[in-house]
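Take a look at these structures.
Each of the next two complexes has chain A plus one more chain, namely chain B in the first and chain C in the second.
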Partner chain A sequence: MSEARKPQLVSDPHNLWKGSTGLRQAKRAKAELFQTLGVRVVPDDQKVEMAIKYLDKYRKEVRSFVMAMESCVKCGLCAENCHTYLGTGDPNNIPANRADLIRKVYKRYFTVQGRLFGSLVGAEDLTLDMLEKWYSYFYQCSECRRCGHVCPFGIDTCEVTFVGRQILFNLGIAPQLHTATGKAILETGNHMGLTKPGIEDTLEFLTEEIEEQYGWPIEFPVDKPDSDILYVPSSADFMLNPDTLKGAARFFQYVGANWTISSKIAEAGNFGYLSDQNRVQKELVNRAISEAVKLGCKKIVWGECGHGWRAAKMYIPTKSDYPDVDRIPITHIHDEVVEYIKAGALKLDKGRNPFSVTLHDPCNYVRACGLCDNMRIIMNAVVEDFREMHPCREQNFCCGGGSGILFDDPDMYQFRIEASLKKAEQIRATGAQVLCAPCSICKAQFYPMVKEHKLGVQVKGLIDLVGRALVFPDDQFEDDMEL
Partner chain B sequence: MPTLDVGGGKVIELDEDGFMVDPNEWTPECAVALAKTEGVEELTDTHWKIINYLRDYYQKNGIAPMIRKLCKDTGIKLKEVYELFPSGPAKGACKLAGLPKPTGCV
Partner chain C sequence: MDQFVGQILPYITVAIFLGGITWRIWRWMIPRIVHNITLAPFPSSWFTAIVLMLWQALSFWNLLKFDRPLWVGAWPMHIALLNIVGGHVVGFYTLGLQFHIIAPLIITEHMSEVASDFLGTFFGLVFLAALLYLLYRRFAVEKVKAVSSASDYLHLVLLIAIAALGNYMRLVPEVHMTYAEVREFLAGLFLFSPEPLPENVLFVWKFFLVQVLMIVFPFSKLMHAFGFFWERWIVNRPYKEAPLGLPNAKLQIQK
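Moving on to the complex of A and B:
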């Protein structure tokens, strides 16, 4: 064990680390659920053959995957840069080894030396047991891409996990959580299965909350025709993160935006991107543009969601079937806020956020979307005591729930605790009272994890803090935050 | 598919997570039987207040309420909800009220 790992074990107050190496698997979806997504589960005796066919297909389509298959020299730099490995101590969670689970198979079937010399050159036949390993380890990887960031060859292990998960999905192997969420996406256009009456009722409730907190109400437009801006919030905000929705409404109101939320795409995330990058991912991709067109919107503003922002910013332009995709800019609400801050157009009172705040950088913002400085411009404008955690920015560690591995079956819940060990250590070191985590997966991971690690911090989004700090002439601000 | 005997000759189907497959099948007896699967031995008036609130909300809106709204409308603090339903409002209370398991980032 290296020196770098020892402090985490020491810092762990409940001795959670058990160096587990067993095959840990999330509860998987049954055939009936897969059927609702138009997928027939492949029988066991055909799984291996089909998996090789799919592997052949994706190696021809995904160049970054082939690069990862061909280039690794096992230098090991990725090991200590992976929070999953640091937290679990399982050697198969070292990114190079995780990728090797598929690389060995790739070598066996798609390289000359592998076909001729097999195990002598590290090639391995694909078996059902190996598919079980894929399922276990490709869903312990949070696709945070920290390993890719440090890899001297630029191998992006996330691309390997993507392909591994897609092959498994095609065979009818995926977590219940991702598959059930996929079903909700197809049926309602959001992860939680929110209905229009549910959306409207929640937003009416938040209008009342704003009135209680600031002395005057703000209405949330839903499906309003002839809007300029389509705001796409995370569906989790409707259940768990009320202050994120309130903050967005306060901002849009402040800048006088003609905005709306659509009940057909009340979802900034995209679990399809994390399990099925074909049918399920495209459902939300297409809804974003078709709804913007239907409501007359000139611009789409994305809400707080890490993987969802990557999926929107990087993949809507290439995956959308609608020509309007090239005519409708898609921006992130943080970038919108920064434009107004830079123009000096917002009156912000830091005194309304008088506590110490640290920022958890969502992996997909900082390592995939260049959303890094802007979060700090906002933070410095809206809170009195901003404390960076270390490492931060592109070097930041994942919350441990990335790519939706928010499993609650007991063994996987324990895994989440282990996978957030490194993060807990970082947060604790800041001594901050509030943990700003501007992403729905991060928030859903942190709400229980800050308790498990006894961190004693409040979890908030960044727009939550903006909404509080914005000063309207009519405001009679009453703080509802209990620290 | 797993099933649960709720008494009176009624057997309900559960999904893999122990949630009711068909929320329309729900009767108060279901909550009593499901409580045992959640380690809740006895349902107090406060339990019922939350369960009935969730049922009513779900029937009107087809989805579970925002957790803050649940707390505000019932006057029960979140901490207390967790004491009453150890798996929490979304996964514990919703299960007893016969709502589907929440999906997505929860």
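Moving on to the complex of A and C:
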């Protein structure tokens, strides 16, 4: 742990972590970086005025945001359902209060009661200080929608955080991590900045790894013309989670699909969706459809990525500029695997996954994409000892890294440890050896966090486990996993 | 003053109340529902979505499931309020004979009056007790205190004052008002020939505070009564999944 301060869950009221160091903020992107994204940083003396202009714009455009501004009764239910508040104990991390950072301003400028009665109804002028708070707290929210799930009105704080982050982005305020990733998206079509030669190199290497592990190789097609399926993996899979790519390849090979990966859209995630929902998000949205058309694909199958799958499933249809978006179905690889499992068409050997596994439900899968049941169907088909954590399914807590808040600067890293406290408690209670987290951000959060919380589990994706369990006639399976 | 509160203000109040609600909902309708942000598990049709919505509205299911201590106060408060508002309408209109009118052969006029009295008293007390409990929570429960601003307390205080006056008039014979007296006064207002206010200070105060509540209503969080449906309309809507199956794969699933 980076500091001696030992975080504890807020449910123990004696161990409240009070943010004594003031606002926690991730390292910001510099003006030059913003310039590469076509955004001019707004000078400080114009920030407030511009922010109000943008707020006015979005309140006239986005109903989900307006209803979140207008419907909250401050019942306080969301507080203990937010892992960020549970971990940090900072009252501004209560979802109702986090949304109130904008709501106060919204009331002040756009409501009768706020104009007439001001502070009595909790309205406040917008100041630079308030913008600093926005930056701090909207990048502590992981947009996991758990507060929306439990809210009696269904108020989705995620929608507030989106608008908050978008306004900040428009002003030229965003974390280095998100902005640099945005630049990589525009340049290469993936978060990691992978180029075609890089992608091909990695995949060749993975082909060899598959041969070592299973006794025979599987080729990864890249940019193959006249393919039927475009598979969109997370770019992190090339660097951090190669087993997920291998698993997907084994599945496509097993069912004899004519599939390909595109070097132009080797990205299931979408950091644009998490910071700039205009230019940057649209880049990936449009690449997905245009690449599918170019390669002749009849279907797009999405890889393991939580926010990315939500951005694809729910946003591509309404954001794409290409007419083919209505003709190319987009599905998730889990859903496709489940179809085959249900039909009994896959030979799966649970014995190849002989350890105890618990499933972390990625927020966007369970609360935004309806993948709950399907993940469990796969789980029960491919592992011997599946243990649910509690709460699970739609009520599961976020890993603490949701919405890409995987910051490495010391203060924010400490924040990540605190934000994953609830998760650590859940995982520990299952006593499982393997933690299945079928989402690139979850994986990236867990790799260090299982060490920080001394959980002693291995982190795997779900397709990783499917790939291992699939039985081909030529397989000479050699387990490479050390528990 | 009495003349203003009893004969002029009510018309202003109703105009602000109805106009304010319309204006505010009008403003909600300007922005669009841009993307599908329905919460999973998805309802399969609009019918299921609406049943889900009504079930939430009726049972306060999320409070029951995730915050029982809050549900204990909030649900009885709202149910009591619903009955009180309904009771005021039918009780005064029929002079407490509503149950007799529904089932004239089974329920006598006297039985109906007794039932009306009993239910009014019961829900009045439940309402007051629940409100006091909710106010207590705003002061005593750390997380609720942390999200409260001045207006949150004031709304509760206003409701408590109205409920307390109502209960007091109902329970203390000296200040009790009969249905008939109130009906006569209200009828005058509805027929645009306002009668003078009954000579009962408590009634005048209560009548005034209710009008304050109605004026505040459209410009406050009390609009959540409507906001609930507008918000849920966004987050609980059906979703049609894309068709599954891998085109031209060698291994095809027979359907």
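Quick note on the criterion: the second predicted complex is superposed on the first by the 462 of 483 C-alpha atoms of A that agree within 3 Å, B and C clash if a C-alpha of one lies under 4 Å from a C-alpha of the other, contacts with A are read in each partner's own complex, and residues count from 1 in each chain.
The rule is simple: contacts are C-beta pairs under 8 Å (C-beta built on N, C-alpha and C of every residue); 3 or more make two chains touch, one makes a residue touch a chain.
All of these numbers come straight from a predicted model, not from anything done at the bench.
**Student:** Given the alignment on chain A, is it a clash or a fit between chain B and chain C?
**Tutor:** fit
**Student:** Return first, second, both or neither, reflecting whether A:Phe386 touches chain B, chain C, both chains, or no partner chain.
**Tutor:** neither
**Student:** Using the touch criterion from the header, give the chain among chain B and chain C with more contacted residues in chain A.
**Tutor:** Result: the larger residue contact count on chain A belongs to C.
**Student:** Once chain A of both complexes is superposed, is A:Cys372 in touch with chain B (first), chain C (second), both, or neither?
**Tutor:** second
**Student:** Kindly classify A:Ala79 by the partners it touches after superposition: chain B alone (first), chain C alone (second), both, or neither?
**Tutor:** Only chain C; A:Ala79 stays clear of chain B.
**Student:** Tell me the contact category for A:Tyr135 with respect to chain B and chain C: first, second, both or neither.
**Tutor:** neither
**Student:** Angle at chain A, chain B to chain C, CA centres, as a multiple of 10°?
**Tutor:** In the superposed arrangement it comes to 150 degrees.
**Student:** Answer with first, second, both or neither: which of chain B and chain C does A:Phe397 touch in the superposed model?
**Tutor:** neither
**Student:** Touch check for A:Met314: first (chain B), second (chain C), both, or neither?
**Tutor:** Only chain C; A:Met314 stays clear of chain B.
**Student:** By how many Å are the closest C-alpha atoms of chain B and chain C apart after the superposition?
**Tutor:** Shortest inter-chain C-alpha distance (chain B to chain C): 24 Å.
**Student:** Can you tell me which positions in chain C touch chain A when the two form their complex?
**Tutor:** Going through chain C, the ones touching chain A are 24, 27-37, 39-42, 56, 60, 62-63, 65-67, 70, 74, 137, 141-144, 146-152, 154, 219-221, 223-224, 227-228, 230-232, 234-236, 239, 241-251, 253-254.
**Student:** Quick check: in the complex, which residue numbers of chain A touch chain C?
**Tutor:** Contacts found on chain A: 13, 59-68, 70-77, 79-81, 91, 94, 96-97, 100, 111-113, 117, 119-122, 145, 148-156, 158-159, 228-229, 254-258, 298-299, 301, 314-315, 317-319, 329-331, 335-336, 339-340, 343, 345, 366-372, 394.
**Student:** If you look only at chain A, which of its residues touch chain B in the complex?
**Tutor:** Touching chain B: residues 27, 30, 176-177, 180-181, 183-184, 190-195, 197-198, 201-202, 205, 209, 234-236, 238-240, 242, 269, 271, 305, 404, 406, 408, 440-441, 443-444 of chain A.
**Student:** For the complex, give me every residue of chain B touching chain A.
**Tutor:** 16-17, 60-69, 72, 87, 90-91, 100-106
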